[in-house]
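Encoded as structure tokens, the structure appears first; notes follow it.
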């Protein structure tokens, strides 16, 4: 395992929910400065073009170099503009689908400019809200075609699709690890994979560790988003603050399956100091990682081999010794 | 039963979620004009002072008179200002609690001015997000004291507390019908009751009809909010668009227990024409009401008496004859 | 669409939950007699060898012929024997995996004897209950191998895998439509497909109509189980008694995509007359089917094309005209 | 805090789910022997008359004395007999209600005989499964009357009502902490209180620590059941095996509010060694208790006072130092 931590750069700007906008706006420079001050982070994840335009790439590059930050992934903004609210790569409107593909390809180009090997497609507006509102087969086909076109643009840039079961639509198209992997199979390109957002897996009723294994086993775990929730909604809370044992299991498998890549902090500290929540998220994960070592990989392997929760309880308590 | 329909006036302005702001802003006049055009609605619900200031009351009064709209309820804005984000009536900060009480009392006065007999307190910011973040006993006591003070200001204005299990906090204090009624008992004032938001009941894992009966039985069903969802989150969808039989049961009990009051449409049509979604919500409910009559109150009473779902299925199919 | 209705034959025997065993036991003959009396049903689904042994096949054949019942599907019993409680086709014990394959192949042979073209594998014991209890990659591979071997035994008998997210384990391996289809892809045999249990889709947070479309589009909707619940658990309630509009959408797509096959009633009427609940389940679905015709396929197609829930509400109310 | 641990005596007998019966039957003597061997347990909880008849009380008494076990609580069996399946204290059938009251009063008498100060009423069959199946107001009133009669029989025996949101019915009457406390208020007797089952609170979408505080604050936390789940269903897993931080918070409040009483293990180890799962449940809780001490009550009090999850994360990591 060789894990590096990144922060969603947008987290240092304004965050909204249905009722309020929290925190003052911050310039790109200020956000980068905040990110650079997060102890343990060496990279950022950025939303394009929400955070910067294409002609600002040089500025971004030098700014991040100056701050000592790499770009973990670029997220094409398919979710914060009004033109996307009825769908993007799977929009029923062909022109919108073309625009979405075009934007993602720009993100691929931006990634190359920034020395980043992954774009992260989160199709948050692709889905539906009501019964009898969508032609599900067409949604699927349009999405497959769109991602295929994006990924074909440059086989050296990885396209990671981030699944989520709901929000902002009541039902998103790419809702589960199973559907995400089936899409990847349908697309059939080596540089198409999946982003596992740990909170999205929990929200979808999945065991995140299982989803992680299914992805990594096929070489399709391209990226990771870390946060936590109560298995009910994407609350984006501080990592491991709710589901501690799940995080132990996640880091066991990251080590066991030798994940080499980024873990990007995707929390939403509406009421808190954003930098501190990011920092403590990383510290919690580093703590979890060290506990996995303390308990011992071979002990945990034995737990899985034996499969007896009483025995596992004994082993897990070694964390506190 | 004597039901009148109202619309949340704010629905005609801008609506936001975590990712976007939808719809153009509209002036008070424009919003009132839109509300007046909703077929079937005779009232509005307003958020104070988000929608108008105290010194605009005369203007509001004449505007609504002109449009032929009554005020179903006034909602003191305890949720869209930054001063409230760590709590209002149950804030750990005494000064904030005082401000919240003051605002609610202003809303009581505004209600009297507008000929409205109910204020609707939705304590959406009172709660917590994480384990070990709140002193639950104090939250409860502060909230009881606050509402008691507000309701004591004028016993002729009803104070309806609207419960909700989560959002915007991961855990709200007044989360269920049971806790809402227990609070009402603790407060011990005749003019304190509850707003049942049908979607909130569904989100909390309740059967809305049962919650309605528990409230009305004690004379505490002060107000109703109508919308729908998938029992998972407060999606605020078009009424009866998801849970049709639940709406049949709700209207059976509204008739049976002779509810006299408002049903206020509280939907969030991010991607739709707001006026039309409000209008169709009312039409769906009027359709449900007419189906209850078509099936027959005595037939439905017999279903409940017998308690056999096979027999109930036979009876419910009369809706389609 | 050419739909035939079947009943799970076991439903007429004893049903249990954690606390009680309901209904008296009934012999095979009595159960068949009960099934034959269900108005609207022309077939049964049977659990082998729980309901009959291999050497009783002739007796079963003549009994069902006599009652005028076909066999919709045979379910190899991988869930009611103690040898299976830690897994079957994906057991960590090789001997158990061999036994499970053997049993499924017997079910294939029994299907041929009984003129039934489908076996339904429900791997209810394959999964895990706790974190750190399973090697997820191995579970997957074992299951793929097992089903491949079963399906390779006779390519003329269809093997339908029934997915479910939980119960009796807290986490089942084949938990969602996406994972079920991914498994089918991995197995790579033409005669391997999926059983959609409508209640399982609801329990998994899916929209059953979407899952149905994804399956049928690939020619993998091999079988259907009908029941209903509150989207929270596999309560196995009377069809369409909770989620009425979902059933409208389901039957729209069954017609649109021309499903030819069985719908098998899989309800659990612990406290009711089993025959009547089965019968009313069929009648509800026939009612739904006739309402789809009454509203009109082209009108519903237009709803989907337009995608406006206000317009859809207008159209759906035609059901009551 | 003065906590003693008990085990549900029935756990050492046969356990069932919808599909299987697990473990061999064991005699009362064998079950008591097993319970006595659970390291850390000093009591048992018993179901009457499922586990022993009234005329066996002397035998039970001497058996438990011999094994060194106290009786933590007696649970009148209102859930495993066919006469109860449509309700008990809130049955629509008056005769059944009388029988239920009678049984509970016998349990009160048995409690006195056994030196046990609490009966635990779990009204698992009181509720409903479908819409339009119950007269909710009557259910409530009947239940209030029944418990009042039981509790009036002897004011020295405490009657603890155990709430649960669902299972075996899709909706139980006493579903949440709020409804449980409202019932207690309605009954209005000093010896009526509530059993908090930690898993039931999680299943109901509650934060167990908050529910605990609301109960204890009113002197109504009469009894505790310990187990764990994924906040979705009453899986009855090993304590703290899923929600570790919740258990930390629970024990913080037990100490802070000085709970004096039993914690009874209510797990369902279908596939495991029952005694070991009970034992490890106790050990996990003792570990949690010691971690609360290690972190320090004043530190945790400060976390709650400050309410900043970043700061709390720092404090909680002291558990691993």
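Each chain carries a letter (A, B, C and D) given by its place in the written order, and its residues are counted from 1.
Convention: a residue touches a chain if its C-beta (ideal position, glycine included) is under 8 Å from a C-beta of that chain, and two chains touch if they have at least 3 such contacts.
This one's a predicted model, so the numbers in the text were calculated from it and none came from an experiment.
S.K.: Between B-D and B-C, which chain pair shares more contacting C-beta pairs?
M.R.: B-D
S.K.: Among all other chains, pick the one whose mean CA position is farthest from the mean CA position of subunit A.
M.R.: D
S.K.: Between subunit B and subunit D, what distance separates the C-alpha centroids? Give it in angstrom.
M.R.: 35
S.K.: Suppose each chain is reduced to the average of its Cα coordinates; what separation in Å results between subunit B and subunit C?
M.R.: 40
S.K.: Would you give the residues of subunit B that are in contact with at least 2 other chains, written as numbers and ranges?
M.R.: 86, 129-131, 166, 205, 230, 232, 237-238, 241-242, 245, 309, 312, in rising order.
S.K.: Touching residues of subunit A toward subunit D in the complex: what are they?
M.R.: Residues 205, 230-232, 237-238, 241-245, 272-273, 276-277, 279-280, 283-284, 287, 291, 308-310, 312-314, 317, 319-320 of subunit A touch subunit D in their complex.
S.K.: Where on subunit D does subunit C make contact in their complex?
M.R.: Listed in rising order, the residues of subunit D that touch subunit C are 15-22, 79-82, 85-86, 124, 129-131, 166-168, 170, 229-230, 232-233, 235, 237-238, 241-242, 268, 270-271.
S.K.: Please give the residue numbers of subunit D that touch subunit B in the complex, ascending.
M.R.: Checking each residue of subunit D against subunit B gives 86, 92, 128-137, 140, 165-166, 171, 175-182, 185, 204-207, 209-210, 213-214, 217, 245-246, 248-249, 252, 300, 303-305, 307, 309, 312, 316.
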